[in-house]
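Next come two complexes built around chain A: one with chain B, the other with chain C.
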Partner chain A sequence: MAQPSVVSLRGVSKRYSDKVLSVDNIDLDIAPGEFISLLGPSGCGKTTTLRMIAGFEAPSAGRILIDGQDLTDAPPYGRPVNTVFQDYALFPHLNVSDNVGFGLSLGRRVAAAEARKRVTAMLELVGLADKARARVYELSGGQQQRIAMARALVCQPRVLLLDEPLSALDAHLRQYMQVELKRLQSSLGTTFIMVTHDQTEALSISDRIAVMDKGHIEQVASPDALYDTPHSAFVAGFIGASNLLPGEVLQGGSGSVTVAVGALRFTARAPVPLQPGAAVTVSLRPEDLRLGHAAQQEGSATTHGRILQRLFHGRALRLHISLPGIDSLALDVSREAAGQHALQPGDEIPLSILPGAACAFPAPAPAA
Partner chain B sequence: MSPPSVGVQGVPAANRPAPRRSRGRLFDVLLNLPGGLITSTLILFTLALLLYLSLRVNDGQLLGSAFTFANLTQAVADPLTRTVLLRSIMLSAIVTVVTVVLAYPVAYFLAFHAGKYRHGLLFMISLPFWTSYLLRVFAWKIVLAWNGVLNSTLMGLGLTDAPLAGLLNTPTAVVITLAHAYAAFAVLPLYICLHGLARNLLEAAADLGAKPHQCFFKVILPLSMPGVMAAALVVFVPTVGDYVTPALVGGPASSMIGTLIQAQFGKANDWTAGAALAVVSMLAIAVVVLATRALVNRWVLPR
Partner chain C sequence: MTARVSTVPKQPRKGRWLALYVLLYLVFLYLPTLLIPVFSFNDSIAPVFPLKGFTLQWYASLFDNPRLAEAALNSVMVAAIAAAIATLVGSLIAYADVRRGSPLANAISLLARLPILLPGVVLGIALLVGVNLVGPGPSLGAIVVGHVCFCLPTAVVVMRSRFAAFPRSLEEAAMDLGANEWTTLRRIALPLALPGLVSSFMLAFITSFDEFIVAFFLVGTEPTLPIYIWSQLRFPRQLPSVMALGSLILLVSVLLAGLAEMIRRRGLKPPPKSQ
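Now for the complex of A and B:
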């Protein structure tokens, strides 16, 4: 590896009881200066993973290395990481600057004058220098969030851990703070590991995303790569919107296969080699479907469908249509493209699938 | 001046829920009625009566016949009162400190480490209250007596040659007995306060580099000061006025203000003087409590 990783998880598992395996044998290497998100539905083990890196939970198996040092058994206060808690966990008995300076006031790590200077600089960085003497409960949610960030960052951690840092904020403030987070991270160059269940948030600010499900890491990749080349039906369905359709492989191969979905036949990418006749889940993004019959290209498919529902999404319309053999398929139509069509429920419309847009994954074994 | 009258039809919709709100108020009044009655009749009335008595001339009539400040000035001026009152406050302060310091670890253990045994342990802490207070004081008499349990044990183990005389009938005995009697009262407010502490604050402290002892002194202790104050109040206020314990285990050198007040109302049959003593001791307690609270507030709250 070109660069030594700042955090390495080696076969880390966490078992809470005999039945519950919260984190199942995960491996992850995080590069210095990286902004990585652990993304997944609730209960996927992402928060447990973060808490094990912070030292609040001990892994049942595996090792956690920070800067190449095995810190699996180190207590939270013995690790060069700091955490921004979901509900901020600011100390109610201390004012803003004492909260931010808490980590520096312990022991003799930093001289008092230097600590004051760093607290002031950090408060300026998060834009709350005028609130130094305020009590924490006098601050708004967004301000408390920034104080929590400042309190963790002032300790100059090797890694900043963020546990759903923006989930308690309203939608508007959340978007603003996403930009703030990214700005802080790139100006400080600190490695950020963020836990989130919000894929939009993860996609917009992460360098890499580890998608987790049921204690496993499904895929680790850049946001673009995750979006364009998901490795599993779960990732395809979780990242962005996707039609997940049951189908069958007509012509097998590695890389590209021909699939039958309902009455449609088209080519799809296949990250995993598939045999003819195999049952597959085909993922098809709503924006990869086109209204009208595009110029016939190899591997594309054209058909007709009936509009079931029409949803206005601002820049685009989302149509739910039914096709022969397919109950419901979501399709995004830009408003320019929609121009000459009425597009009302009940209308028959022509549509086509862009070549290479679909992805085929082995279908999960049917539940017994 | 009355507001312009508006016909029922003209009442804006927003004002309609008014009857509902008044029903809610009636419910509040009913809820508070028993407590309010007990407080106003039994406590406020008797306090007022005490204050009234302390300002009356003792001329043999039940409520006296004229106003005077003589009782109060005499109570304050009497060197015996001052000595005894000061001793009561000092003894109670020692009892309070001893009790809170001993109760804190118990409450801490219950709040953070007792796990599934918590409820059983809380129950066991309340067990001594199943016997009468008087009985528990007598039990200490048996333990601390010249030929009591403690001295017999010490001699049996060969740790002392002769029984220790300085146990029973000393202020130490009063402190031990009162500290034991009020321990559970101190544990409960401390436990509730510590139990309610947000665990993520402790995680945040550890995350920022606080070792366990730093976490305790910089986060847990300051945040549990309301519990400490409540526990101290619950121990200090009643022990200042306690007269059973000093009478039974304290000996002559530890009579407290309660003993004097009881004597005035009893043997001396001078109710106005007793009332004056009670008023003075209440004021002294209030001063001590308020001063302590102000000190603690200054120390704990953000600068």
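Now for the complex of A and C:
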């Protein structure tokens, strides 16, 4: 990396008891000003990783560097990071401005007048200047969320840690706050590390995403790269919707292989070199299947399927279809493309798979 | 929050029986207690109806009784010291139990709550044997020790629920914002636990103040108030004075308990939203 990292995790592990390895030997470098998300299913170790960076948990092995300094053993109050908690953790016995000013009131780090100015400016930044005297329980969930952000950001941390910051909000407010988070992050230029299990949230606002599973980092990449070139069947299945189908390699190679799935044969991308005869998991996104028979070309496949189920998704229809040798396959059809077809359950429809649309991974996942 | 709308129609007959039951319950519970203040103003030595006339002489007699004043002072001292120690130790045990959660802390917390099952007689005898073996023998100090044991379960129970009532993330947030352990305790944990501390102290104080059995076993030459009252009951002429004294203790107890409950509620619930 060209710039020095603001946070570096070096072989960090966390073992809670003798058996459970919650975080397993993680390496991660985070650049200044980056918005990075730790994404994964519950129990994947993402929150534990965040809590180790904050200093609430001590790693069982490995080092944590912040701005090049080894702060592995520093207490939470000795680190230039601040946290936005999942439950916001606003102090119920203090009003809004005393909550926001709490960090500045400690150890005379800033003069009282300066602290007041910064609290006021921060409340204006999050749009709650008129609530300075309010008690925190008088605020709505979205307002409490913004106060929690303001309280952490007013300390001007090198890194802001966000633990599922939007999970307690309803769907509409969550979308609004995603935009708001992104706006705050770009206007302040602070490094944000966000833990989330919501892939849509991670994909829409992160610069990079670290996908975690069972204590490992599966892949770190930009949202586009994760979506287009997943490195494992887990990432392919977790990011976006994907059909994961068992298949076999007919013609091996690196980069591109020919696979057989059910009665279909087509060309798939292969991030990991595969030998002929190897069992694979083939990931096929619902939007990568085409309705109708596309012009024949090298590596494409055409077939017919029977519609099992038809789900209305607004701009698109999602069809679940059965093919020879494949029980169920999800397929997205835009409403324009659907216009010519009836598309009712029981109908037979023509389908094409374009070459290189699918990805093949060694089965069973994951690969090293 | 949506308002809950009752769909069940009112049943006046059922309500009437319930009202009667509640009335009887309250009469049995409180009428005997209310007799004490009534007789304390009665101008007669015998506590029988009909009442003879109104007098304040029994109350007046309390004020020129130096032995009574001494016993009352002893009780206040014992109760204050025992309640302070029980609350301090109890909140430390409760904090370690709720926040640290180590097996040792859980075990200590359990042991501290167990004496709630111990009969006062057993505790009294055990402590009497104990203070004779290693301590000063029966004395006010021994009663303080006994009352700490007696009040500790209450203190631990009250403080455990208080510490469990606010999430650990509040203390983590304070440390995250730069407060060290001591500042976090002083500015976050203590203010939030304060209602619990006050109500724990008051409960322990009241418990110790009118505790009789344990004190009876451990009392030396200086009696506490309940021991003094009991000793006076051998003299029928003293009964009205004892009733006057009982009335005063009742009044103070009710005031203290009410105050403790008010503080506890103020600490638990934020005032309702004004909108």
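As a working rule, the second predicted complex is superposed on the first by the 364 of 368 C-alpha atoms of A that agree within 3 Å, B and C clash if a C-alpha of one lies under 4 Å from a C-alpha of the other, contacts with A are read in each partner's own complex, and residues count from 1 in each chain.
In this section, contacts are C-beta pairs under 8 Å (C-beta built on N, C-alpha and C of every residue); 3 or more make two chains touch, one makes a residue touch a chain.
Model, not experiment: these values are computed from the prediction.
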Chain A as common anchor, with chain B and chain C clashing or fitting: clash
First (chain B), second (chain C), both or neither touched by A:D98: first
Contacts of A:A129 with chain B and chain C, given as first, second, both or neither: neither
Partner chain(s) touched by A:Y137 [first = chain B, second = chain C, both, neither]: second
Contacts of A:L244 with chain B and chain C, given as first, second, both or neither: neither
Contacts of A:L188 with chain B and chain C, given as first, second, both or neither: neither
First (chain B), second (chain C), both or neither touched by A:A115: neither
Residues of chain A at both interfaces, chain B in one complex, chain C in the other: 54-56, 75-77, 81-83, 85, 87, 89-93, 102-103, 106-107, 109, 135, 151-152, 155
Residue ranges of chain A touching chain C (in the complex, touch as defined): 54-56, 75-77, 81-83, 85-87, 89-93, 102-103, 106-107, 109, 135, 137-138, 151-152, 155
Chain B contact footprint on chain A (complex, rising order): 54-56, 75-77, 81-83, 85, 87, 89-95, 98, 102-103, 105-107, 109, 135, 151-152, 155
Interfacial residue positions of chain C with respect to chain A in the complex: 166-167, 169-170, 172-180, 183, 188, 191-192, 270, 273
Residues of chain B touching chain A in the complex: 198, 200-201, 203-211, 214, 218-219, 222-223, 300-303
